[in-house]
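Next come two complexes, and both contain subunit A; in the first it sits with subunit B, in the second with subunit C.
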Partner chain A sequence: MMRGNRIFLTCFYWAFVLYVFIPLILMITMGFKDSKFIGFPIRSWTLDWYASVFSNTEILSTFGYSVTIAVLATLISVFVGTWIAVLLEGRKFWGRMVIMGLTVMPALVPGIISAIAFRIYARLLGIEPGMGAIVWSHAVHTVPFVALVVMARLSTLPKSQIEAARDLGADPLIAFVRITLPYLIPAIIGASIFCMLISFDDFVRSFFLGGYEPTLPVLIFAKLRSGMSPEINAIATVALVLTAAIGIWAERFTRRMNKDS
Partner chain B sequence: MTDQTPLVRIEGVSKHFGDTVALDNLTLDIARGEFVTFLGPSGCGKSTTLRILGGFERPTSGRVILDGKDVTTQPPEKRQVNMVFQDYALFPHMTVKQNISFGLELKGMDKRGIQRRSDEIMAFLELSAFGDRYPGQLSGGQRQRVALARALAPNPALLLLDEPLGALDAKLRGQVQQELKSIQRRTNKTFFFVTHDQEEALTMSDRIVVMNQGKVEQDGTPEDLYFHPASRFVAEFIGETNLLSGEMRGHEDGAVVMDWFGQTLRGHAPAGAPRTGAPITASVRLEKLGFHAERPATANAVQGKVVGKTFLGSRMAVDLMIEDAQGATLRAFVDAETGQTVGADPVWVGWDSDSMAVLRD
Partner chain C sequence: MTLDTSTATDARSGDPKDGGRSVWARLATWTPYHAMMSLVTASPRRQFLILAIFPIIWVLTQHLGPMLQMLRVSLTDAYPVAPGVEQNLTLDNYARFFADSIFMMPFFRTLVYAAVFTFCTLIITYPVAYFLARHVSRKNQMLMLLLLLTPFWVGEIVRTYAIMILLGNTGALNLALKWLGLIEQPIPFMYTSFSMGVGVVYLTALYMLLPLYSALEKLPKSMNEAAADLGAGPWTRFRRVTLPMSIEGISSGCTLVFLISTGFYAVAVLLGGPSTTVFAETIAGFFHVAGDQWPTGAAFATIMFATALLITGVFQMIMKSLRKGDLT
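Our next item is the complex of A and B:
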């Protein structure tokens, strides 16, 4: 009986994994097909699509543009998010829950709604669509993730650490820079990677707030409209491999840092 | 030349947390080079006193004078006081050496000075081999020594120790107690130690302040507290004791006379004698009761029947029922050999008036 159950559960698990990964596997496979048309059967293989992606300056500059936006948005988000976490963690004051709620909200608002809201707001403020607007919206969207991750880490910092630093002659600022900040580094790095991936992946905000220059997801979307081609599969595969590699590395890195301290 | 002014003077310090009174009008001097222990159950105000001395809490009222200067409102970083934390609070991202140098750096010492002082203190505490290790790579005892080294390095006027032995296992704890005491003697520093462990307090301290509910119960040498407890709380908190409830009768030849279920007993009253006729409690330590075949010539003697024995290795605890005192019981320590022979016949137990302290309730 137990044995039957186990076999059933194992099969079910692998069926689920296949269900989840078959689309990705298909997408990757089609990027190597030597034909303009996506679909089976595949008669011959090629790396031409990759060659064309890596020699296409438009795609490469769009990729750079997306990365730049991700880095800038992350810098802002980490700064603001850490600030909020330090302000809120372990303190009781009037309005704490209000600030907390407002901090978390951007993560919960549907992308399309916040994108439209940003668009209207940007026009009111006279901000041109383009990189600045996209960075701004991505930063707002990712602040809650930073704040929550950093707060979680901060809550595990024993109070005695700061008191020991003060006891040994550190004023509150020195204690923060030399004790609190190093303690938060794993959380901050983890949150940064996460923010960058969210920003890199974002379509709706980038679409609504973008100027003439598209981000990578917007470019892929534009290309899709003019017809599916294995070139898109190649772009997507490169993006997939890069983000997966960074995500796995970040996960392992933060886990190792957490274990050390 | 030794300075006779006290190092620390606590003047009428109170601390309230909301409606709770953690510390109630404490006044106390701490002399230079003293190993003073604040002893009491949790919530007695001992840790609050420590935190006020360290600068982590500000008293609700009263003043703290350190080395002649009023430091009541000074933040911790300005005080010449260092602390060994209960959880050691070593910085996990710094090596042993960096931990120890931290306080020296912030004192503005130059690189060579820091190097010299940290090497010196690491050699003193036998940590030289661990300088490049991280706290996570050390054993509990080693961490404790690093915490001590870090606190001693800046050469504080006063060292605060917040139950630093709590995290160690029993065997190591005994060893570290001896070490701490010897370090204190060699450095000639003033140690302010906080613990709830009476044995620890008795072993290490020059002076013990027993705290209860924000007030000082008794302040004296370990011997004083043990043999001449002033209050019931102290007698019960420190060691094991016999508590005899009776009635005050009067004075005779400098001794206090009391009635204990019809037996007349003589004791002394370190905290002052109550009025005649008042109900009182007296304390006699278990090892102060002597066993005799005949009625002894001691100030107090009663005859009892052995009703129970507990073997404790080197000695034995014997429970006695005193028929002449309406069946009240006493407990006594005797050496294991005597303990084996007593039992069948009634025995006499005797004790001096100096061994029995009349307590404040």
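Our next item is the complex of A and C:
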């Protein structure tokens, strides 16, 4: 019985792996199809779609635009998220749970509702739709992730090190910059990459807060609505390789850093 | 990690000669900085306030603000306000929702879809999480989990597109079924609730898998062994030990997936059809046309959010009482 169970579960796991990977593999192969029509079977192969993507300045500038937004949003969100984490971790004060709840809220609001709430608020703040608005909404959306990751790391910081620094005459700010911050670096780098990927992949906020210039997911969405073409597969594959590579690297990096210290 | 203690010692002894002293030691004894720091750290209370003021302002204005502003706009009759027009408070936007079945249908469809898709995600990911947590050695666990997580780094739109290619009329699934001789004509999977379901499960599986995995992984193996020693069969062990102990994971996984699936917009547009219009599309519709529809859109979004919160709140309470009932 136990054995049969185990075999069933093993099969189930690998079936799930196939379910997760097959659509992406199909999507990638379709980008090499030598025909304008999406669909199987594929009879002849080509690299032309990739050549046209890399020679299309509009698509390349969209890549740049998305990366710029991701980096700017991440800078803001890491700064704010770390500050919030330092306030919340290991301190007891009145209203702490309220601040904690409000901190994680943007991560829990369903996508469309978050997008239109930001759209309305951007108008109140006087931010026009466009890059600034997207950066701002992505920053607010990713603050919870930074705060949670940094709080987890901060909770393992040996208090004695801070006390030692304070005993030796360091004021709180210097103790923070010289002891706490270096200790948090792995968490901060991990969280930054996570935020960049969330921002780079985000569609719904970029769609509702964007101006005339599309981010990459918005561009793919617009192209999909006007019809499928292997060109979209090529764009999507480039984006996929980029994000998956960064994601895997970040995962390994944070795990190694956590092991070292 | 090494701690450079020499700096702090220097700063304290106030060594008059500057040579060999680090930037930090010089900063600490630099008069304007020193004066500022002693002002800031004069009392623990003041120090705390200075630390707390920015995060509090941020979460109130940036996290709570957009939601409150959405609520406020939903209660007005015009937004953005045109010059020379007076803005009045009204409940008309909410009344509009209840007056027309055109809006009610997508709303209830969204809730039913979200509930069904959440349940499907749970059924599909539970065996996977169980297998990883209970049947795999610790060394392989991380690797096998990472294997599953890798595709989730890829964005929402790209993965939705991948599902479109899988399910299309000339897609891989229809080709495979034809090749197996099961069908003659391609089955139109696309633009139905089935294609949306496949898409939503594909996008949200991770958010279910991780809470389930961490709940199941914490479960001590000895508990199952004890149950087995007392004569419980595999099914009883699962029902009386494993399932109750993983309720926490089920509860948070389902809450996450439910909230996420009520908010999907791109999936509904790309994988759904005219018969599967969800509320996200209805809400979005008010923001694509003229600005005077914004209050209605805001009201509808508020209704959606409040309902989703209510449902997940009740669900969590039920789960909590289930857990207590089983353990005592």
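By definition in this document, the second predicted complex is superposed on the first by the 255 of 261 C-alpha atoms of A that agree within 3 Å, B and C clash if a C-alpha of one lies under 4 Å from a C-alpha of the other, contacts with A are read in each partner's own complex, and residues count from 1 in each chain.
By our rule, contacts are C-beta pairs under 8 Å (C-beta built on N, C-alpha and C of every residue); 3 or more make two chains touch, one makes a residue touch a chain.
Quick caveat, the model's predicted, so the values are computed rather than measured.
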Self-check item: First (subunit B), second (subunit C), both or neither touched by A:6
Solution: second
**Request:** Could you say whether A:232 touches subunit B, subunit C, both of them, or neither, answering first, second, both or neither?
**Result:** second
May I ask you to decide whether A:126 touches subunit B, subunit C, both, or neither, giving the answer as first, second, both or neither?
-> neither
- Task: Could you say whether A:118 touches subunit B, subunit C, both of them, or neither, answering first, second, both or neither?
- Result: second
So in the superposed three-chain picture, is A:174 touching just subunit B, just subunit C, both, or none of them (first/second/both/neither)?
both
Partner touching more residues of subunit A, subunit B vs subunit C, is chain C
Q: Using the touch definition from the top, say if A:80 reaches subunit B (first), subunit C (second), both or neither.
A: second
Going through subunit A, the residues touched by subunit B and also by subunit C turn out to be 161, 164-165, 168-171, 174, 178-179, 182-183, 261
Listed in rising order, subunit B residues that touch subunit A in their complex are 54-56, 75-77, 81-83, 85-87, 89-93, 102-103, 106-107, 134, 136, 150-151, 154
Within the complex, subunit A is touched by subunit C residues 1, 3-5, 7-9, 11-12, 24, 27-28, 37, 40-41, 47-48, 51-52, 54-56, 58-60, 62-67, 69-70, 73, 79-80, 124-125, 127-128, 130-132, 135, 142, 144, 146-151, 153-159, 161-166, 168-172, 175, 202, 205, 234, 256, 259-260, 262-266, 269-270, 280, 283-284, 287, 294, 297-298, 301, 304-305, 308
Residue set of subunit A touching subunit B in the complex reads 158, 160-161, 163-171, 174, 178-179, 182-183, 260-261
Listed in rising order, the residues of subunit A that touch subunit C in the complex are 1-2, 5-6, 9-10, 12-13, 16-17, 19-24, 26-27, 30, 37-41, 80, 83-84, 86-88, 91, 93, 99, 102-103, 105-106, 108-121, 123-124, 140, 143, 161, 164-165, 168-174, 177-179, 182-183, 197, 200-204, 207-208, 217, 220-221, 224-225, 228, 232-233, 236, 239-240, 243-244, 246-248, 251, 255, 261
